[in-house]
Every structure is written in structure tokens, then in C-alpha cells.
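By written order: A, B and C. Residues from 1 in each chain.
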């Protein structure tokens, strides 16, 4: 039976990754990161409701996990300093995040004890004295009010828009399958021609990798940085 | 409840209350005997009186008790009160004042939704200076609504808040409507 | 002014103020030395802590002091004022709060670097609940730094941030400096 965890339960990629490692009762090491990389990608693939904004951060971590996994599988390959650093960095960040996730649990338990220290309302019983700010005019008040209006955050309307723009890995795989049903071969640039941003290009790439893994397609690349041709494997 | 704890709890209760508390109410709150409470109050009063390093005193009248400061420190308190009134109003305070003036009557939750930060200290300060006043909220028995005081509007040369510059357009700005609706939805959700 | 009197006057001022008073403001009001005031505040805090019959404690943060009740009496106060402070905090809210509390002062970018996700909603929520506050960032005119509030310490019944669990280890971390430097380079690049 498929083990499904809804991504909404996870506050971001580090939370998901840490939960996977803890579920397997592993310590945070490169080896355990490589071990849970597939599960991480699996959750990402099954999840249909990550907003685009969140997806970018999930995919950044996915890219690092793929790197870590490749290093575990292909130890003979040489990695650039930058790549090595980004792999170590994920491990260190995860350790750091873990400490705060635990601290958050401790704080939650402290809040639950309701050991509240109450203060006294300020100047209780003091006689109110009319003390207008000197030199303040109605025009000043207007300016302060327009300043307030200007500070009202616009992000409050964003989530709804982001929700509409969801593109999932699953959808990409489906659309790739459809395209391949019509034609025997397409190129990666065909697949990403209508992509609205880089994130969608990354999703397309992950979709291709996933389908290679599942032996649905195979890919060919003539030389570095040239277009990738994608062919359907005849069943 | 052990004696020690009654004494401490009694002091905590008197500290937060701004009005005299009857022995009966204190006893009921502490689930203790009223005579016990009376005895502890006497002890507390003596403890304050005998400790020259202590700045508090217990005022008891008609079987009601209230905490207050020792009279010899009155001059310092007056100086603190005066300086907090004379202090220039901070930018946040002026903004809250402007919100109350343009959107009167308004609740604290609405002011905070508009500014995105908690405003309790600021509101308290504006109330003490008699620039705003608060009234019971007809829509919520436990809440308050805030309004600019007549004297404050008068000091700006206005008869009412409607005379503020561009009042009609600014008080109905679309951004306000948006953020206030948003918060309602969040609170309900 | 003799020492004895400073101690008593200090307690009177804190009682009347209700809200936190800076050491500087206290010193000025008492016409005393700021270091003297700090020493008296320490003594006052210890006096409260050692007296089991006392219901008060001194909460100190960022060279500001405030009088408040001992947390073990919270239930009595809530029964008196019929208001209970319901602080249900979500998991994300607790994480952001923990990061701000231990790593204060901290920028939004730094919090997000630790959590790996955008935190603007959660920050706004915590600001509205007065558990964190924000100030202009001295290092970046357009940005903010976030700090825990007195209200936060009070909600947990703590006298100062040093009483937070594992404060010494969680507040210092060489690793953090590394991440933050890296983010700065990324942001500049």
C-alpha cells in the first residue's frame, strides 16, 4: 500500500526532509540524505497542491538531493568545490533547522503550561490630561494616514493568485505522455516552450528524469547543452 | 491552600486590579476563608510598612483593599507621569491617532490589522493624553471602540472627523477594505 | 538620594508605569546613576524571587524593566479578570518564534534561511499577537529586525530571555554565521 503524506503537513522542504529522515530513524548524514532522496521526490511527485512560490524552494532542495544521491551512486565522478559545498551545506542546514524545530516543541509545551506573568495596565487610576502634540495640524494627520495606507502589505492577496498557478510534476508527466502519444519523439525545448518561468522548466526536467527511471521514455543528448530529444519506449 | 501561597496570590491579585477589591471577592477568588484573607492582608500591610526599601502600601477601607504607592514617592511619580505626557508622540502613535481619526469608530483589532502590529501600549498612551476615547462596542459586549476626542478635533480646528482633509476618499480607501475583509476571513477560517 | 529610598522609589515607579521602563528613564526620573539603578533592580528581582510570600517578579529585557505577577498565580488572576490569554500557536508560528527568541535580533531573510520557507505570514501573525516586535534595521534602511517582546517572556512566565530552555547553546552557533554569510553573498551576487 502506498504510504501517503500530504505535503501541506510540512512547512517547507527542510521540514519534509527532516521528517523523512526521522521516520527512517536515521541521523543527519550524507548517506541518510541519499537514502531518503527518492522518497522526497516521490512526495513531491504525488503532491498536487504546492503553490508555485513554495515549489521553488522544494525543488532547490530536490536538486541538491539528486546531486547527493548521484555522488553516492557514482563515487568515481569528480565534483566541483561548489557542488561539494552545496551538498555539505544541506546537511548543516538540516541540523540547524532540527535544533529549532525541537526548540519550537519545547516552547509549545511551555505555552501549554499557561504560566503567564501578568502586568498591570499602565498608569491605572492616573487622571487623564489633555495633552495635544504641539504643532500637529489636520494636514499632518492626513499625511500620517496616507503613510499608513501606503504600508498596507499587498502580499495578502498573493496566495490566491499563487494557488491558481500551480503546476505539478504529475501534470507535467501527464502532458509529456500525451505529447508522446501523438508523436514518437519530441525535444525538451518543445516540452518547455510554453513554460511560464524557470520553475516550470525545472519541473519538466524532473518529469523527464522520473519517466526515464520508470522506463517510459529514453533520452538522448548529442552534446553538452544541446537540446535533449525524448522518445517513447515501445511497450 | 498553604498560607505562603495565599499571601503571594493575594499580592498578585491586588497588583493587577485597578480598583479596590472586597475581602469577600478576594476570598472567593482564592477559594479561601474570608477571615484568613483579612489576616493575610493585615500581615501584608505590616510587611510593606516595615520595609523601608518597599515602595508599596496597602489601602484598606470598608473591607476593601487596594495596592498603592507610598506617599513619600509622589514627587517621582508625578515627574514620570509628566514626562511620559510631554514626550513627543512617536511615528507609530501618530499613525494610530490618524487611523482612529479617519476611521472612527474603530476597534483595536481593526487598527492592528491595518498596521500589522500590536497597538495596546500606543492606544493606552493616546487615551491618557485625552486624544482618543474608548466606549463599549455595541456589536461586542466585551470589546471597545475608539474615537478621537472632541477636544482633540477642536485643537485641529475641526468640528467633527468628517472635516478632516479628503476624509470621504481616504476613509474608504480600497486597501483598507481589502485588509479588513482579509482579517475577518482569517479569523473565521 | 540614600540607597534605601532609591529602592522604594524604584518600586513605586515600576508599579505606576505598568509598562516596561528603560533603566535610563528610571535613572533620570530618580536623578540617580544608571548603574546604581541597574544594581537596585537586580536586588529587587532577587528579593522577589527569594520571598515565597511575594506575588511579584521583575521582568527585564534590553535594559528595560517591568513589574509583573509570579506565573504560579496565573489561574487566580484569570479567574478574577475573567480573561484568559488563549495562545494557540501553530507549528510554523512556534518555529519562527523560537528562531526570533534565541537569535534576536534577526532579519526576515535570516529566519527564512534557517526554515527554508517564506515566513511573512507567520511574522505578521506573531507581530499582531505582540509576541515579537520589529524595529528598523540599522544595517539596512529598508529592512527590519525582529525581537521577542515582554509579552512573549510573560506568556512563558520568564523573568528574562536567559531563562529560555537551552538558551546558552541555542543562542550561539557558528554554523548560523556561515549560512548567513552565504545568503548575503547570494543576495549581493
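We take it that a residue touches a chain if its C-beta (ideal position, glycine included) is under 8 Å from a C-beta of that chain, and two chains touch if they have at least 3 such contacts.
Just so you know, these numbers come straight off a predicted model, no measurement behind them.
Distance from subunit A peaks, on a Cα-centroid basis, for B.
Put simply, the chain closest to the centre of the protein, by Cα centroids, is C. Subunit B has its Cα centroid 44 Å from the Cα centroid of subunit A.
Centre-to-centre separation of subunit B and subunit C, using mean CA positions: 21 Å. Centres computed as Cα averages put subunit A at a distance of 32 Å from subunit C. With touch defined as above, residues shared between interfaces to two or more other chains in subunit C number as follows: 15-17, 19, 67, 69-70, 72, 77, 124.
The set of subunit A residues that touch two or more partner chains comprises 118-124, 126, 153. Residues of subunit B that touch subunit C in their complex: 4-5, 7-13, 15-17, 21, 25, 29-30, 47, 52-56, 67, 69-70, 72-73, 76-77, 79-81, 83, 112-113, 116-118, 120-121, 124. On the side of subunit B, the complex with subunit A involves touching residues 12, 15-16, 18, 81, 84-86, 88-89, 91, 94-95, 97-99, 101-102, 114-116, 121, 124-125, 127-131, 149, 151-152, 155-158, 163-166, 170, 173, 175-176, 178-179, 182.
Residues 118-126, 128-133, 136-142, 144-149, 151-153, 156-157 of subunit A touch subunit B in their complex.
Of all the residues in subunit A, the ones that touch subunit C in their complex are 11-15, 53-54, 57, 61, 89, 92-93, 95-97, 99-101, 103-108, 110-111, 113-124, 126, 153, 155.
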